[in-house]
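Chains: A, B, C and D, in written order; residue numbering restarts at 1 for each.
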Amino acid sequence: MAKILINDKNIYYEVHGEGEPLIILNGIMMSTTSWQGFVDVLAENNKLILLDFIDQGQSDKSHIDYNQDIHVETLVGLLDYLDINKVHMVGISYGGEVAMKFSLKYQERLNSLTLANTTSYTNHNLKDIGKSWINAAKTCNGSNFFKTTIPVIYSTEFYEENIEWLRKREELFRQAFTKEWYEGFIRLTLSAEDLNVTEELENIKVPTLIIGSEEDIITPIKYQQKIHDKIKDSRFAVIKEAGHASMYEKPYEFLALVLGFIKVYNKEIKIS
Amino acid sequence: MAKILINDKNIYYEVHGEGEPLIILNGIMMSTTSWQGFVDVLAENNKLILLDFIDQGQSDKSHIDYNQDIHVETLVGLLDYLDINKVHMVGISYGGEVAMKFSLKYQERLNSLTLANTTSYTNHNLKDIGKSWINAAKTCNGSNFFKTTIPVIYSTEFYEENIEWLRKREELFRQAFTKEWYEGFIRLTLSAEDLNVTEELENIKVPTLIIGSEEDIITPIKYQQKIHDKIKDSRFAVIKEAGHASMYEKPYEFLALVLGFIKVYNKEIKIS
Amino acid sequence: MAKILINDKNIYYEVHGEGEPLIILNGIMMSTTSWQGFVDVLAENNKLILLDFIDQGQSDKSHIDYNQDIHVETLVGLLDYLDINKVHMVGISYGGEVAMKFSLKYQERLNSLTLANTTSYTNHNLKDIGKSWINAAKTCNGSNFFKTTIPVIYSTEFYEENIEWLRKREELFRQAFTKEWYEGFIRLTLSAEDLNVTEELENIKVPTLIIGSEEDIITPIKYQQKIHDKIKDSRFAVIKEAGHASMYEKPYEFLALVLGFIKVYNKEIKIS
Amino acid sequence: MAKILINDKNIYYEVHGEGEPLIILNGIMMSTTSWQGFVDVLAENNKLILLDFIDQGQSDKSHIDYNQDIHVETLVGLLDYLDINKVHMVGISYGGEVAMKFSLKYQERLNSLTLANTTSYTNHNLKDIGKSWINAAKTCNGSNFFKTTIPVIYSTEFYEENIEWLRKREELFRQAFTKEWYEGFIRLTLSAEDLNVTEELENIKVPTLIIGSEEDIITPIKYQQKIHDKIKDSRFAVIKEAGHASMYEKPYEFLALVLGFIKVYNKEIKIS
């Protein structure tokens, strides 16, 4: 519940609990508040660190364009400030992309890496989806923006069963998202456009868990398969009946994998 | 290459070749011209009938709202006019939805039924995707419209390999789509909103082939599974590495299935 | 590392570590020794209980036929003897079948239930596979038995990458499996023949985790889907690139799910 | 319904109908009689050629070991004898393996190639399954042999729905399979052991259709994916809810694909 100045930007962060440090990197439309309902569980045995990237939540806006490397430096700055040498890093979607970039530069700072619903390459299809999201953001119309982004983020099953909750979120979009928020969202979207780390991934030696979702159409399982094929010491599990927002659609499977992996990642297990 | 007046609307249709009649029902963004490259093959041994639904291609615009039943009556009128008693009917996506509705009312007019990339129910997720398409259509901006609709229609693989062709199509969208076209598209989209024939499908007794595509995210395979579970005499095949636009992405697999099925649908095959 | 007499049979069991009790039920060809390499991790924060069912490992042979209910009573007897009121129960394949039967009779004794690579019904296909295993067992030839059972238990990938290890296991089969062992194996196989609890599963109210493996051909994912559809409070994750023996092929994913779930199963998580 | 002597072996073959020649290569446990119920449909517009490989059906036994190349020469001999220059070749499983080997040596004799439920490499897993089949064959016990081979060949769904038919086949196995038949089967199985043409497949330039089955556990879809990735001009479709014996489980989907493909394989289709 504090801010620190890193590279001239105020970065909002939270620290909860005690134990081995665990940092969670938000997806593009998320913020620290998205994790409110997860904090107690995540911080039960770990020092949990949450943050808003530049242009997210309560951190400063950027006002100029950038790419995802900017967040890598934010992360290092924050870890240094908190005097944390090594951390378990968990990235969701956009946050997973940043986590891979962080690993490629600073993997000595990682105990383990978890990549949920992540791609290593913004292909033409994703780029065009990004453009449609930007177009919707430019209207500054919460309902337009919701209709363009949300149906492809959640699974059909979740959509059918939670339509009331989704309608409330649409209302929230209409009320909460300001012009400034949309401008930040557009910059964040653009910052992922040049992502292409597939070939470099083989340099990641950190124990890694890759989480995919059966119904994810933004970053389908085959995208994570590519990551798995490149990172030698990686594990791979899939959450059934979930779309791109696996943590929201299937919080128990998501948390079991995240918390279970940081229990076992460094154990030697012999099959006899 | 003619028009007939059915229920006060001029309906554009084409007839090619000779043989057992085969009628193809367009997807929502398609028209008879979409089939240009397919006509020779489809008409080689069959009397091929193509048509533009109301609000498609060269048929009349509606100017008032309707649901998909309106096309069912267009189809019967056209078959009557052409003096065709029984036909092989092939529907693509929106056209498959119309084909199911036709089957439920006039199945005695069908020799066989092929449903490609079709759903039997417009669920909340699809409704919201429809709304985002309508929002994009309202801008009358071809590029906006392209970016909102096309990335979810084609598979990632197709997108990567055919990005130049896609950019040309985007240019075409910019030039060719008029305000009138967008208004027609919006009415067509709205006409599918109340579709829900899942439970009735068990009444379809026509030999049916269901075609899905592995990467279809608009009407994923599980939607076709529901249709297959309901139509007793149905067959089910999946085209690999294709998205929603299977006929364009994988024309050989698509045509092999369509033309093969009308060769074998009524044969008695004994396994011994 | 002890035996107790339950219903006239000496049952071998082991207890390791301290914490909430966690009991693991073996697959049909396994025994407590199969878990040797896993004990340290599983017992790090839990009181781990392992046992050999009748006709497994160091427990008594049965000499007469039975069905899986016999093991349910063994389990209750063991828990009572150890003065354990509530336990986390994890069942692998055959052990998962016993775990479901236990849940249906004594679910008040469970904190959570994890079913890995489990089916709720021994269908005709599985019955015939069982018969082929019995035929191979009757030859008392370790190599015959290996060739009939093992290729369908492990994934193709595992087989290719671990062929040396598998050849050593085949040698072990030749040396270690006695006529008595094969007779026990045959009785265990027969005891699962009448399993059919699918319809009853809706009575299980215990928080449940279902683990499937992408390449499992003995109990494919669709079998676990049926279990998931019936147990309302169930979670479902799939381990990629693993066959039926998920714990051996992908120990990290398996352990992450098992240990993660018993951390989160009873937490309230609110998505906001 | 005749035999010709090729390389000192009498080869039984059948020719049915008129049209472009279409030759079908049996799976390992099949013979020309397996196609009895399919002949009328397959020969309706084509000159259909069926044959029994050496050690199959009514062709001569070999008495000495060989590999699959022997059948390639049989095929060329038969085509020469029938004065057929170019043919559509369809191979099922073992027959698909022979078809690939034929293509690699004589692709100028092919109009098109269809590979159903085929692998390009006998991996260790398949080799061990082969060994278990050989062990079962050596017992000369039809019921043993059935239980070891058939449950992994058919899908679970087919097994449940056709258990009576399967029991009749088991009875047939008991009555019809002689010591001589089993010896032939063992040689055929061994002849596939050294198959590994994956890397050479890129030399196949013939229009190719690859057919997989969703539930095939002997040659899962990923095996066909490798073939598809290597043969540039290949198409790929999957039959839903079928196991390895796709032609028997889903004859309509199988025939639609086979007959449809030979209608369209050489057509130029332009998407506009």
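Everything below uses one rule, namely that contacts are C-beta pairs under 8 Å (C-beta built on N, C-alpha and C of every residue); 3 or more make two chains touch, one makes a residue touch a chain.
Protein identities per chain, from UniProt: A, B, C, D = Alpha/beta hydrolase.
Keep in mind it's a predicted model, so treat the numbers as computed, not measured.
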Max Cα-centre separation from chain B goes to chain C
Just how far, in Å, is the C-alpha centre of chain C from the one of chain A? 35
So, in whole Å, the Cα centroid of chain A is separated from that of chain D by 48
For chain D, give me the residues that contact two or more of the other chains. none
For this structure, give each pair of chains that are touching. A-B, A-C, B-D, C-D
Within the complex, chain D is touched by chain B residues 33-34, 36-38, 40-41, 44-45, 209, 212, 214, 225, 228, 235-241, 248, 250-253, 255-261, 263-265, 267, 269-272
Taking the touch rule as given, give the residues of chain C at its contact with chain D in the complex, in rising order. 123-126, 128-129, 131-132, 135-136, 144, 146-148, 150-152, 154, 156, 159-160, 163, 166, 215, 217, 220, 222
